[in-house]
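If you scroll down you'll find the structure; I have some questions about it.
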Amino acid sequence: MTRLEHKKILITQSDDYMGPAIADLFHAEAARVTARPGLVPFGPDFPNYVEDLQDFDVVIANLAHDPCNGPIETLADDHWKKLFDTMVHPLMALVRHFAPRMADQGHGKIIAITSAAPLKGLPGSAAYCAARGAQNAFIKAVGLEFAAKNVQINAIAQNYVSNPVYYPDELVQSERFQKHLARNVPVRRVARPEEQAEFALFLASDNSDFFVGQIFPFSGGWAINA
Amino acid sequence: MTRLEHKKILITQSDDYMGPAIADLFHAEAARVTARPGLVPFGPDFPNYVEDLQDFDVVIANLAHDPCNGPIETLADDHWKKLFDTMVHPLMALVRHFAPRMADQGHGKIIAITSAAPLKGLPGSAAYCAARGAQNAFIKAVGLEFAAKNVQINAIAQNYVSNPVYYPDELVQSERFQKHLARNVPVRRVARPEEQAEFALFLASDNSDFFVGQIFPFSGGWAINA
Amino acid sequence: MTRLEHKKILITQSDDYMGPAIADLFHAEAARVTARPGLVPFGPDFPNYVEDLQDFDVVIANLAHDPCNGPIETLADDHWKKLFDTMVHPLMALVRHFAPRMADQGHGKIIAITSAAPLKGLPGSAAYCAARGAQNAFIKAVGLEFAAKNVQINAIAQNYVSNPVYYPDELVQSERFQKHLARNVPVRRVARPEEQAEFALFLASDNSDFFVGQIFPFSGGWAINA
Amino acid sequence: MTRLEHKKILITQSDDYMGPAIADLFHAEAARVTARPGLVPFGPDFPNYVEDLQDFDVVIANLAHDPCNGPIETLADDHWKKLFDTMVHPLMALVRHFAPRMADQGHGKIIAITSAAPLKGLPGSAAYCAARGAQNAFIKAVGLEFAAKNVQINAIAQNYVSNPVYYPDELVQSERFQKHLARNVPVRRVARPEEQAEFALFLASDNSDFFVGQIFPFSGGWAINA
């Protein structure tokens, strides 16, 4: 039997970050995937975004933006706000919209694809850490809030996973990056996107019902505390 | 000898949260305190805010807002954004402004007064957890970023400390709250504001130079992991 | 296809704790399970214990003992030592024996079944917290030590999972315990042993290669930080 | 006024690790220090150890042993056990003896000097991580157990602090170690023992009553999560 048969699953920003890998695997496992490309809006545009969306068994809150790296003194207000506008505020809107509907239907799962950066603290990426840290803290709180309603909300806090936004092949294959890996990442490689998708699949399946509000580091041993 | 003699110290939003208690103790210890009441602005108004401010040895980034508690489905966009506008974005602006100046002068400390709520995950306070979680993650990253420049940036992640914003006396003395304390807070009491100020003083003193990027839970045993 | 086909898997103390549930599921998934009942010895008896054991793809280091609960002033030296003798020292011996063999054969996984108690700190169970905390800290360190050798060592730090040692059915069904659950465990139930076994299966499978040195809380939201 | 006037303070293994630095500072601050050199015994010898000791306001549980570093496959059973015999079991005995007496007298503090190694996971130091991890987990649990009795039990989980056991001057001054520092420790230096003693003094003072069961990383930004 396929592992996600009949499950209705929404993947946001499906053309970016972990969207393509998760969509591929979930399709292969017979999920009924709604892959919605593009940024998730916040504010008055959000109702339009969800208007023609049905209810789902699982929502993959996949939200990503260029990390705007650099020393904090060079950070522009606009870049800082953009990280919150694309990753943090829409995550709240998605959970506020879907979690109560899942509670009403008696079950559901939301899996946020976030980052391990805030678990460790990454100099030169303070803006990104702040935004991803807001996501992780939010997921922890709403995960507990919906725990008793058979809705499981968790996050995959990843780093060093091959994906077009943060780790394109060109970067990964460079000699400099390989040295960086050898020094910083205990497993000494980046994850294939399919490996991440397999963990997302585990969390999307009925086998993960005892996990709530949890932030799972997925980083080859780089960050192991959540 | 007094413990903060000659130290130039800025306290933001000095009329709220831990501002009054910290200002009182720091004055008594002979610090040269600049207590600046009111919200710290973000964006085009920030330069005005700091325009007549000199350089400081220590900045107490004391930022607070009503936590906008309630089930996530009742949370208004405006309330959510307000938490970020008052607590998260101004913290970035303060650090971006002061930390490089402290690096230039060869020393300095920034102490953010944040919350333990995101460490634990507080159902019904997801917005507050998200905003305070953003602060904690930001402090961790910039704390590491400035570590080698003799600038120490840390946070006091508190809860159950007597203060006019979150724990006014009336609330604390109610029978219901006392029961809540007995059940949830290992030390079974709220901290006096002076106790918190003493820890802030320790972090503001020269004795804390080996701490950087750290989020100190201060919550009577309620949250003990950071 | 079955999910563990051909995998040679050792389960220690297989008659206790999570041994039976994991053995059942792994058998059903076509693993070649060696279920070894009884305590794992330490010291001069350990070589006998492993003498007739082959090499394995996966070792489930399932070690359990009565938690010796009670106020610390009533704790007997013998009980304290017994927890270390049955759970901590044998875990080291198992890892010291099998991990280098796994490194030699080019792959392998060790999954320790530990506890979430030390993540949270459990008054009245300080001895148990100490012993399980030693296990978790050990797994974190050896997990990093073997990370680059394609050997993945992780722990499931569980609580509130139905099992004969800590949560027998009789206890779980009592009114008093149900009230305790409602107050302390966000999902308000204990996990079925099969749920735990499914997570152990995920970690035993080839899909978990990017996780090393990680302590996974598995406790229905009771402890969510590791 | 001196900061520890009239306080009766026991320092164990006072000739090693942080004992000398803490004793010096505490003496200077007018504490009535009982500095007891040598290993703390466990088992039948423990009653002799404490027999002529009075009650104390503060106990500094300073326990150290050579870390027995090396790959796990080379670790001898004896070395492994020695770490537990000298650091873990005596810590339990000290807390079991003193904490209830402190509860009876209505106040008291125990400060364990442990290590940050288990917070991070240190390959090549798995035995040391296990033993120090047991200590940290134990302190967390008994810290919560005595929280309501006005007895505060906490740990300083340090690394990279100058001391004769782990960081003798010769090692610290070597070129190799200085390179290691630059790469691994955000503040790029080891702490002077007096800096650590100042934090121990803060925890020993009446100003720290709101901290219980807490494991304070003290490592120049090397480990910042507890």
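For clarity, chains are labelled A, B, C and D in written order, and residue numbers in each chain start from 1.
By our rule, a residue touches a chain if its C-beta (ideal position, glycine included) is under 8 Å from a C-beta of that chain, and two chains touch if they have at least 3 such contacts.
Remember, predicted model here, so these are calculated numbers, not experimental data.
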Chain whose mean Cα position lies farthest from chain B: C
Centre distance in Å when chain B and chain D are each reduced to the mean of their C-alpha atoms: 28
Centre distance in Å when chain A and chain D are each reduced to the mean of their C-alpha atoms: 40
Residues of chain A engaged with two or more neighbouring chains: 121, 123, 140, 143-144, 147, 186, 213, 224-225
Graph class of chain-chain contacts, one of line, ring, star, complete, other: complete
Residue ranges of chain D touching chain C (in the complex, touch as defined): 42-43, 71-73, 75, 77, 80-81, 84, 88-89, 92-93, 95-96, 99-100, 117-118, 120-127, 129-138, 140-145, 147, 213
Residues of chain C touching chain B in the complex: 119, 121, 123, 186, 224-225
Residue numbers on chain A that touch chain C, as the complex places them: 140, 143-144, 147-148, 161, 186-188, 191, 195-196, 198-199, 202, 207-221, 224-226
